[in-house]
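Here subunit A shows up in two complexes: once beside subunit B, once beside subunit C.
And now, the complex of A and B:
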């Protein structure tokens, strides 16, 4: 599974403060920690750290790729102009995070993906919000994928995110999302698109000490349904262990008695 | 999920020694610990603890139900005469553990189930061993279920065990078994039979310190596929926590901020 590290986000105090002080070393230290913990891609999100979101995104991208010229980056913003500011300076492989299935937004961000040879993550929501039914989410996934392919992207460049909702506020939605992943991976197209989720939302609102248990349990279920990637906290060792063990059981990593260590050495 | 406690087994030193000394209190203490840890059924297995397996099974059943007259018991032996010795003295609800799909054995043990109003667990293996393909295991499950129904049992009395094999010795078998569970729960009969597995075999041969992680990760995957019960070590708190959290995410337990405690209080 592709681990997309979620810690380089202006909503974290450490990152916010580094942005305010233009402290490159601290930003690079966060990226380095994430990579060492297993992240194969670094999500970059300005958050609410700065008034100048475009300038901040540009600075963050440049700062990370100055130290890590090969690590793929996810340019994370709901604002197209902030995404564009990141794309313009990005020399590393890049994932646009994210578009939705809303016509205007989808067309604009797919245009960016084509222009900048970027992968793109599409959330299964549109003008009407997030559908509560599985089939409707799969239909939005199909819309995103088909539009991307019409514009010249390959299915392997498209990540679909069927939107994780908190178990606390809608328990039936947990299984709906998992079924959506399975359908997207098996029934949508051959080859299918990739799937990725923002995992931590599953435990939103739950007591802090329960969140890691909920997160890793849900991740195991999603992986068994075919999930390809997730935006997660790579500092959560138990979570990464559960992910590695899932890959072992799903026959995606060859068994060895020291399979945790073997995975970490090779990633 | 029905937790079937696996600790009352003559292969464990503590139980073996209690059998040799006819120490009722110690046997009852093991049962009590399992129940407190969340077991809804106690598996009783003589193991290799005694030459007189039939007499030992009888004594164990009587000893447990003397203290716990309502807890369901699983009479666990591959020898029909040992199962029969347990059934004859059992007043508690009871699960025969286990038959296979071999004609003679299946007929004999289903006969016991009918006579003693017992539930029965059927392993998907026959004269040719354990099929490596999912469809063949499902076919054996169908054979067990249909034969049971012809003899007058209801589907809810039948547990199918699609046989967990060690990840160390056949990684592709992990997913095969999970697919078998899903098919048995969705495509075999309406209503479907129950499913149960002997979980610990998944980590057989793996280093001792890695076994709990492998066990609980696999259990979460099996639960997401529809598993109803498992023979497990209820002393493994992390395993039981993963099981409870899975039930939460599968919408089988109502969310509360203290869902682990809520589950344990109500079971």
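And now, the complex of A and C:
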């Protein structure tokens, strides 16, 4: 599974103060820690750390790729102009995080993806919000995928995020989302698009000490349904261990007695 | 027009260098690189094979009882002189690498002492400029004492030593790390143990580009398909990015074929099986070609005619 590291986000104090002080080393240290912990892609989100979102995104992208010229980056913003600022300077493999299925936004961001040879992550929501029914989410996934393919992207460049909602506020939605992943992987297209989720939202609002348990349990369930990637906290070793073990049980990795070490050697 | 479906892989097999030349501090006349594939065997439109698979010829310091008359005739008097045997492999029979198997050291054969073995190694080293692979006698206790000393004797030659196993890898690996040699990671027809040995070697800091996989193989008719499937699965894992399975693969074709009944039985006893010579050569060739198509990088063989045919096969398969 592709681990997209979520720690380079302006909402974290460490990152916020590094942004304020233009401390490149600290930003690069966060990226390095994430990579060491297993991240195959670094998500970059300015958050609320700076008023100049575009300038800060540009600086963060440049800072990370200066030290790590190969690691794929996810440019994370709901604002197209901030995404564009990141894309313009990004030389590493890049993922646009994210578009929605709203017509105007979808076309604009898919246009960026074509122009900058980027992968793109599409959330299954539109003007009407997040559908509560599985079939409606899958329909939005189909819309995103088909539009992307019409514009010349290959299915392997498209990640669909069927949107994780907190278990505390909608228990029925947990299974709906998993069913959506399964349908997206099996019924949309051959080859299918990829799927990725923002995992931590599942435990939003739950007691802090219970969140890691909820996160990793849900991740394992999603992996069994065919999930390809997730934006997670790679510092959570138990979570990464659960992910590695899932891949083993899903026959995606060859077993060895030292399977955790074997996986970490390879990634 | 039907679209051609070409597979593209994300990773490639490690490149391992066998032998060190003068400029690298050794005395080999050339070094040989193996591995590096970014495709399944010979699918050159899907990816690259920067190093072609090679044929190593095996020399034994005490010839096996399994050699029948076909082999005794082909190899001739050099069978009793490892240095002359190695030299002939290089000069006349087209070997690209020499594997010296220290059969005389086994407690069940001559139990040759280490200093005698070292002398044999030195004579072979002088007789040939090809990269050397040194295989122990197969007795773990003896090999544990003998092989580390052999690594000393071949210092700076970047030789390759067989074998590290799951239960017994630390001493040989430590000696190979210190001596700058390569090591063969051996497992008993079990892909999970194959991976485990590689992980264990990694844990004690054996560089992964100095490891070669021997996952055990039989001759045609003796578990060939099972060994084939393990090599193939190893290769698919490597191409998919599993760094613990990304090593080149060696197969022992000769030692397995000379003990296959169908290859060694005399024509007089089984007239329906056809001529001895063709049968013996065909057994080695077919076994080697099969494993080459599973992903073998080094085929270790005996019969000069089989070596010639397999090398020519590889050359033809490498034409894009």
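Note that in this section the second predicted complex is superposed on the first by the 267 of 267 C-alpha atoms of A that agree within 3 Å, B and C clash if a C-alpha of one lies under 4 Å from a C-alpha of the other, contacts with A are read in each partner's own complex, and residues count from 1 in each chain.
The rule is short, and it goes like this: contacts are C-beta pairs under 8 Å (C-beta built on N, C-alpha and C of every residue); 3 or more make two chains touch, one makes a residue touch a chain.
Note that the coordinates shown come from a computational prediction; the quantities given were computed from them, not determined experimentally.
Comparing subunit B with subunit C, the partner in contact with more residues of subunit A is B.
By the touch criterion defined above, A:178 lies against subunit B but remains apart from subunit C after alignment on the C-alpha atoms of chain A. By the touch criterion defined above, A:255 lies against subunit B and subunit C together after alignment on the C-alpha atoms of chain A. Once the two complexes are overlaid on the shared chain, A:21 sits clear of subunit B and of subunit C alike.
Legend: residue contacts after superposition of the two complexes on their common chain; A:266 is shown touching subunit C, with no touch to subunit B. In the superposed model, A:218 lies in contact with subunit B only, and not with subunit C.
Shared contact residues of subunit A with subunit B and subunit C: 254-255, 257-258.
Subunit B makes touch with subunit A in their complex at residues 167-168, 171-172, 174-175, 178, 202, 206-207, 210, 213-214, 217-218, 220-221, 224-225, 241-242, 245-246, 248-251, 254-255, 257-260. Against subunit A, the residues of subunit C that register as touching in their complex are 191-193, 195-196, 199-200, 202-203, 233, 237, 241-245. Against subunit C, the residues of subunit A that register as touching in their complex are 253-258, 261-262, 265-267.
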